[in-house]
Amino acid sequence: MGSFQVRTDLALEARESIGEAESELRGVKVDEYYREEEDVRVTKVTIDTKNAAKAMGKPMGIYVTMEAPAMVEPDEDYHREISKCLAEELLKLLPGEDSEQNIMVVGLGNREVTADALGPQTVDNLFITRHIVKEYGKAAYNCNKMNLLSALEPGVMARTGMETAEIVKGVVRETAPDILIVVDALAARSTKRLNRTIQITNTGIQPGSGVGNHRNALTKESLGIPVIAIGIPTVVDSATIVMDAMEKLLEEEQGLDAVKLLSRHASPFPELNNMYMTGKDIDAVIKRISYTISEGINIAMEMRME
Amino acid sequence: MGSFQVRTDLALEARESIGEAESELRGVKVDEYYREEEDVRVTKVTIDTKNAAKAMGKPMGIYVTMEAPAMVEPDEDYHREISKCLAEELLKLLPGEDSEQNIMVVGLGNREVTADALGPQTVDNLFITRHIVKEYGKAAYNCNKMNLLSALEPGVMARTGMETAEIVKGVVRETAPDILIVVDALAARSTKRLNRTIQITNTGIQPGSGVGNHRNALTKESLGIPVIAIGIPTVVDSATIVMDAMEKLLEEEQGLDAVKLLSRHASPFPELNNMYMTGKDIDAVIKRISYTISEGINIAMEMRME
Amino acid sequence: MGSFQVRTDLALEARESIGEAESELRGVKVDEYYREEEDVRVTKVTIDTKNAAKAMGKPMGIYVTMEAPAMVEPDEDYHREISKCLAEELLKLLPGEDSEQNIMVVGLGNREVTADALGPQTVDNLFITRHIVKEYGKAAYNCNKMNLLSALEPGVMARTGMETAEIVKGVVRETAPDILIVVDALAARSTKRLNRTIQITNTGIQPGSGVGNHRNALTKESLGIPVIAIGIPTVVDSATIVMDAMEKLLEEEQGLDAVKLLSRHASPFPELNNMYMTGKDIDAVIKRISYTISEGINIAMEMRME
Amino acid sequence: MGSFQVRTDLALEARESIGEAESELRGVKVDEYYREEEDVRVTKVTIDTKNAAKAMGKPMGIYVTMEAPAMVEPDEDYHREISKCLAEELLKLLPGEDSEQNIMVVGLGNREVTADALGPQTVDNLFITRHIVKEYGKAAYNCNKMNLLSALEPGVMARTGMETAEIVKGVVRETAPDILIVVDALAARSTKRLNRTIQITNTGIQPGSGVGNHRNALTKESLGIPVIAIGIPTVVDSATIVMDAMEKLLEEEQGLDAVKLLSRHASPFPELNNMYMTGKDIDAVIKRISYTISEGINIAMEMRME
């Protein structure tokens, strides 16, 4: 393989690009099931070995992908269904189901750039409870078991002068949550996955992915607590999409091999660095899907109350 | 030429794509000058004949382009210089220099989509005077001659259910401005013109151009008053950029002719419809360049006071 | 009575301040009922005569007030109930129930001032259909009867240089809706009605009321079509609240008559002009109650589909 | 004195309310000077003893107040003058003038409540340098001495579930700034000081003051580094204004002593708790004065470069 790397934040796509047969060989496990009622395909990709991690370009861990084609539609009832699916899948990955926990949600990204505002808009609609329970006890919610939910929007480095990871680390140390849930906009390889795929992973966030690169590692290793990342691809990397379009066209037309052609270039599209591609109705989409995620987290918290 | 149309809102780029020699032949006049102090290249393209308009894919009229490479930098003093250039070029196109006029600025686009928010953010910083002069007279500003400035942000059809042109027409009929200035985000063909080129034209706005297609004609013909359009390209059309990248790569590599190849396809990249490409720091850029335009308009109004 | 006028946008409060007995005498009819399930008290005040209008300081017409104390709470299910009540009460006042209609919603107020953002935030969440039906017909919604809904956020005079009424009139003439629904933040006399009372009236909007005075008449008389106004008090007039507090304290303490005392002054609190008073959690409140109104309008439109 | 406490965040007003003679006696030092060119009155109140602190209801330290009546006007050049004054006064209070320093600005308050958005809007316009210097060195700015500026907007407890102080402490520990500058909206006693007075103090922020009470102590004691607080009163406490209006009216009218009257009540206006009063044009005012502060800080940083 040459120096041109297809860029995707989705383990599902990473696996597709290295081929099914090869991925199984190398220790990538895949389980799929279909939720008929909600028309959601759930794929669980488990990367068990260092070799598999290297081949996939993703750290070891579990990646659950929910593909929900109708998620781009403005159907409120359907979004409620997706939120419930998300709550269930999220709970499977959240450790310590039986005990009360202090959970912090971090909304990554830049509120001022529409396609990157998924994280910030998600934290806007969370049902925050930590300060109430701290002050009035669980009695305030009439329950015996209650998680404490807090939320942080760290902002972006160009405006803070600090790495996102510095801000998150500091607040985690001071307020000592048991678990971190990180929400972020992702980049997909294929336009057909845009805004209709949710990925949940227990690997946290690695440097260099995401729309704006506004972060470095947010992982169990760096923070000392489990980090669950929830993401939806809202953009396609510009170089990737050019590459895909060329591949399709050249093969159709002339049987040329675009990958081979491109792999001879270290950086075939320098003018596309720092550019991204997104849909024209991205504002309405982000408003809807951020609400779907925040409701998913709210429902998951409610399911753990007693 | 085939069915694939390179898409650009800039007359400058339209002329480049049909070739210099051909454009002159067909009646496109071009005047250029360089403002050394501000490092701004000003090009005036005049389309005089119907044939020229057809060849260029742009209506007859005057298109002034200011290329200011440093406009992407966060240098406040430089932006002030650009605003002054813009004011001067704008005044050359504004009719009725000697009389007091009622001027309405319309900020087109979608405030919620960062790359499309140029128009709305521009009207945020205008020095609005119409209501003051109507109520207190010119005495309020200690002057003998004073234009009345008003502003409108019509919003986008998905949120209003109305065409932008319907809203603008209605308000124009009711408040009877003498001149309309329309500000909008444009699409360029080349990434190198993004956010550093200002186009001013006396042709108004035609259907089908712009980021989100949120409008139909805003022209002297449709509104009954002169319409000056000011625009800055903030996005590149996705299909265009793919096409450009392919062209470059294929020619370098194999001498293939990408245009010919693409022209055999009616719609070579259907999955790129309704997508656009923009830079990752677009929020900071839009904030800056919208302020540069609003200051340009404010200075132009001030220069007409007496 | 002296020159000091207690200021309120609520017909309910206007009636209280002139006394029950007197109001009946003068031709103000009052019907009340209680919706037990939703804990909402509905009061219908009908002003039938010019005398009554003068005594009440409100134009002739019907004023329906829904008092819903729990509306300040963040209970989503309860807000859904209130939205349904609102839809029902709104439909009673909307003319032409049997035919398809073109309805425009106008969100008055200043989006940038939290307590005044009720109208703008309401239009953000409407289900806009006019452009879809115009382009694809009712088939797009699988129905035989369908209202066309459009929406307008005219902004405030300080930013547009135009009266709100000028903008609305122009757009109404151009797009020819059958009915106008106007949403606005109101001023109450009593803090206990803040954010928990909805007033619906068929009198439209009169000059001089509301938080920011950003309008003049929007009425059937001025626009030629029925105008229904929906409002929620989000602020208390500063002079009013001072007056109320004094009244209470003085009577308790010394048996003094504050009204008499104040009525000797033409403008007892000049420094309070252009000031208003609101709650510290007004951002969360406006977000919730604007959604309650937009859902009420959406449900009303749905109930008219067939 | 009774239980009714006049509430103000301004040391200047606290001193006025206890009387000049008494304050001097108790160890409150006052220095005044007038900057004629900018029409700014600067008052430096120094509280030196615990007794003085108790009498004033403010911690020991220095409070510099800049009264700039024209600050409410939309005059850009004047605001630039005020920013320069602010920069000079700020530098006098900033320790360590000769060395390079790492300075963090914290914008307190709620971005969603207009009158409380002073802090968040200030950090929007700062010239942030920490991440650039960390990555590229001072060479990036062509200088030998350069402060590192970073900024944090911690948000409000209702949205984060955390005390502002927890968030700030955590980030301070992680990123180790040398000095903290905290910007916040204040409450004044008198409407005549609204939006035209800047207070700078080296005492930091104490619990219980400010518009929304969204914080507890941010002081040298709690954070381990010097904390400079910059504030502008944007609201008047509702109970305070009622009290002032009554006092004025009663004295004029009947020679009654309102303070004596009110001091007999523990909480004379319970319905005014959690309410505040502000001006109707607060959006335009906050936009202007937050820019005046951010420019003041930017200029101060520039004056320390070499």
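Just so it is clear, A, B, C and D label the chains in written order, and each chain counts residues from 1 on its own.
Basically, a contact is a pair of C-beta atoms (placed from the backbone, for glycine too) under 8 Å apart; a residue touches a chain by one contact, two chains touch by 3 or more.
As the structure is a computational prediction, the values presented were derived from the model and not from experiment.
In the contact between subunit A and subunit D, the residue numbers used by both copies make up over half of all numbers at that interface. With centres set at the average Cα position, the gap from subunit B to subunit D is 43 Å. Remark: subunit A and subunit D have CA centroids separated by 40 Å (rounded to whole angstrom). Distance between chain centres (mean CA atoms), subunit A to subunit B: 37 Å. Residues of subunit B in contact with two or more other chains: 158. Under the stated contact rule, the graph of chain-to-chain touches is a ring, a single cycle where every chain has exactly two partners. In this structure, the chains touch in the following pairs: A-B, A-D, B-C, C-D. For subunit B in complex with subunit A, the touching residues are 110, 112-114, 158, 191-192, 211-213, 236, 238, 241-242, 245-246, 249, 253-254, 261-262, 264-265, 268-269, 271-272, 274-284. Those residues of subunit A that touch subunit D in the shared complex are 123-124, 128-132, 148-153, 155, 157-163, 166-167, 169-175.
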